[in-house]
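In the two assemblies presented below, subunit A is common to both, partnered first by subunit B and then by subunit C.
This part shows the complex of A and B:
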């Protein structure tokens, strides 16, 4: 579905992403892991056209989206929820959700999707006319993901969905991500919380200082303490997911 | 449908305010108070126009009064009777010296011209963002002013343009103001308005949703230009004369103060701000005239009104940076209070 070929992103003299290639097949959950400053956010921002591509190629199916504008890329079925949730706090839950459908013209379909998603997330239904900033952290993250769903994406890119959430909420968010996959959405999930992400992902890429250091099945990475320690700096003693979460929080 | 109706109902409730004020003034007030109220309505229309762009996009706009001037001059020049025009504008370009439009036609043409000019300037201004955009709007105000002052054949330059038939009154003004209140509110809650507000809160996230920020800013700028142009037309038809300085810094700051004081993020804020500043201003003018209150002769203090305007802005922004009303519309605020009280009652009952 998505194939990124030798993509580079530069901010002035700084090369944030260096000739990265990756693929996301239809129906997959792919985790993009790596430490702070590895270039994960730059990479997905470049895919959706928010930051300029220095060189390389981004294909969505057979369509070259390399230098397209974000609104055109969203229209083609790619959506991203930015890091730190980025819900619009001054707007209501309702307005946030309608924003998700910014590029859609089919009013009836938008209404139908809205009703369906609200039925799945009763908390959002309950807080429908509240300002988004009054929601709790977990609710805001749900809102951000549901909002992204409103554009009816084929490919959804999530930037650090578990950031700043309590461990039990992290679990809940990843469960939600699996549900989305069951609904036919392909997901590219950027995470620092490697353990939790690998439980749900099919495949994983590890990015560090702008380059791909590892790619393979999620199970292979999660099952190997060596690999985890080597690429993600996670020691054997924090192998259990709970402990990793605790350390993170 | 539901959000649309909510917004229409909220707008209508707010629009009742200018109507109530207008009716009360017509029933009970003196001639000079009617004049103050007329000007208040015109200022309100301009402030609402300003709210459409500045409130929703959060980019400060210092050039809005240019559109008031363009609307006023176009309508005025078109409506002045040919007999008067032959004395004051004998060399008007485009054959305007032999044109005489009725108030309706003049209004339509003036608003259309203002809208067209807003579109062209908007193409330039919406390329910028933040402080750069604000400075461009200020430059635009100066450009328009210079044209008014120097295009003698068209505007009489710095001298007053007079002889415009007085074709509006408090009834027209109050209904137009009410209609503009509703229009501004519906725009705020429309798809474009919501997207624009989202982009002002977080440009990156809005763009990631596929929001075309530049196009939305342009659309808001043009809509705002049309509303403010209409305000200018009403000014021309109310006062019957004008000069370039009617549409310069003084009016710019007065209307900006009204908007910022009330809270620029909401239409309620624009309305409340316009009311508060007008009432405060008139009160200060009264004090300035050294009246005798309860047998005490107050001293004459010159410049009190200007001091009041500056002082109030400083105090309000220090205590309430979002303005008196803040980010929410009044009806939303009331609804939220009620909902919270209900929830508290429910929790208390459960406990």
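This part shows the complex of A and C:
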């Protein structure tokens, strides 16, 4: 579905992503792991057109989406929830979700998707007319995900969905994410929280200093303490390296 | 009693004019962070378009000039965006500011060179200056119209911002334009809509300004937009509700000072108004509706 070929991203003299190639097949959940500053966000931001591609190629099926505008890429069926959620705080939950479906013309389909998604994420139904900035961190993350789903994407890229969430919420968010696959969406999940992400992913890539260091089945990476320690610099039992972040919900 | 009602209506109509202009400034600023110092030129272009139509087409009724005046202002806003502001959209804020200044100077001097420095008469419907009597109170039609039109425009804008995708996108873009693009909404459309609305509101204000002055001159947009800037800052720059409240607050303050100041210093009214605004801003530097930081904007 998505194939990234020798993609590089530069900010001035700094090369954030260096000739990275990766593939995401239809129906997969792929985790893109790596420490802070590894270039994960730069990589998916370049895929969606928010930051300029220095070199390389991004294909969605047989369509070349390299250097297209984000709005055009979204209309082709790829979307992304940015790191830090970026819900529209001044708008209500309802208004956020309407913007999520702004590109769709099938009103009946939008209504049906909305009803189904609200059934899956009941807290959003409860807070439907509240201003989004009054939602808790976990609720805002759910809103960001459902908002992205409202455009009915073929490929959804989630940037750090567990960032800033309490540990018990992290598991809940990942469980919700894995149920999205049943709605026919392919997922590319960027995470620092490798342990949780690997429980739900099929395959994983590890990115460090802008380069792919590992690619393989999620189970292979998760099952090997050596690999985990080597590529992600974490022991098997300590959990997320961003535990400090997780404390402030 | 009659005096009080007269002055209240005065405050409302002046405040309405400032609100329309301040709102136009605020919409463009909130969507793309541009302080459009060329906003007054929408009024000037509107005035000269009506003048040109009056001279060359010689319409039998002045009513026909009004929609053309509004249309001219919208067109000017859209053309400015397309030709001047779009190429520098991602440049630093000062680039936008200087571009707007440049545009403003170009437009003013265009009219000075091509038409004249002195003002040119532009007719508006005589109906505007008629007086109607309600009980013992005489009111000029223009004042009632100004209040009513401002009210209707604000209501339409509210509906647009609440119930249409482009309106929601404009509100969302004020805090997070990139994420709006991730909804598949075209950045160019959002910016264009913001400019078109800004031009439309300036066009409405232009009609009333021209009706009161009865003429167009190259510098006619300067004073009203200066006041609109003050109103927008008072309300909290970038806040739409703030622009409206700031506009009316400024209108009311002007009329109050006009009334209470002794005749010998009434000429310094604006100085007193600005002093009052300055005092308010010392107490509340971010303006009435301004937020010093956006809560929930970015965490983690």
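Simple rule for what comes next: the second predicted complex is superposed on the first by the 236 of 249 C-alpha atoms of A that agree within 3 Å, B and C clash if a C-alpha of one lies under 4 Å from a C-alpha of the other, contacts with A are read in each partner's own complex, and residues count from 1 in each chain.
Following the convention adopted for this analysis, contacts are C-beta pairs under 8 Å (C-beta built on N, C-alpha and C of every residue); 3 or more make two chains touch, one makes a residue touch a chain.
All values reported here derive from a predicted model rather than from experimental measurement.
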| item | value |
| --- | --- |
| Partners on subunit A (subunit B, subunit C) - clash or fit | clash |
| Which of subunit B and subunit C A:74 touches, first, second, both or neither | both |
| Subunit B versus subunit C as contact partner of A:140, first or second or both or neither | second |
| First, second, both or neither for A:91, with subunit B first and subunit C second | both |
| Partner chain in contact with A:129 - subunit B first, subunit C second, else both or neither | first |
| Subunit B and subunit C footprints on subunit A, overlapping residues | 48, 50, 69-71, 74-75, 79-80, 82, 86-91, 95, 98-100, 102-103, 147, 151 |
| Subunit C-touching residues of subunit A, taken from the complex the two chains share | 48, 50, 69-71, 74-75, 79-80, 82-91, 95, 98-100, 102-103, 132-133, 137, 140, 147-148, 151, 160, 163-164, 245 |
| Touching residues on subunit A, where the partner in the complex is subunit B | 48, 50, 69-71, 73-75, 79-82, 86-91, 94-96, 98-100, 102-103, 129-131, 147, 151 |
| Subunit B - residues contacting subunit A, complex | 3, 189, 191, 194-195, 197-198, 201-202, 204-212, 265, 327-328, 332, 335-336, 339 |
| Interface residues, subunit C side, partner subunit A - complex | 162, 165, 168-169, 171-172, 174-176, 178-187, 294-300 |
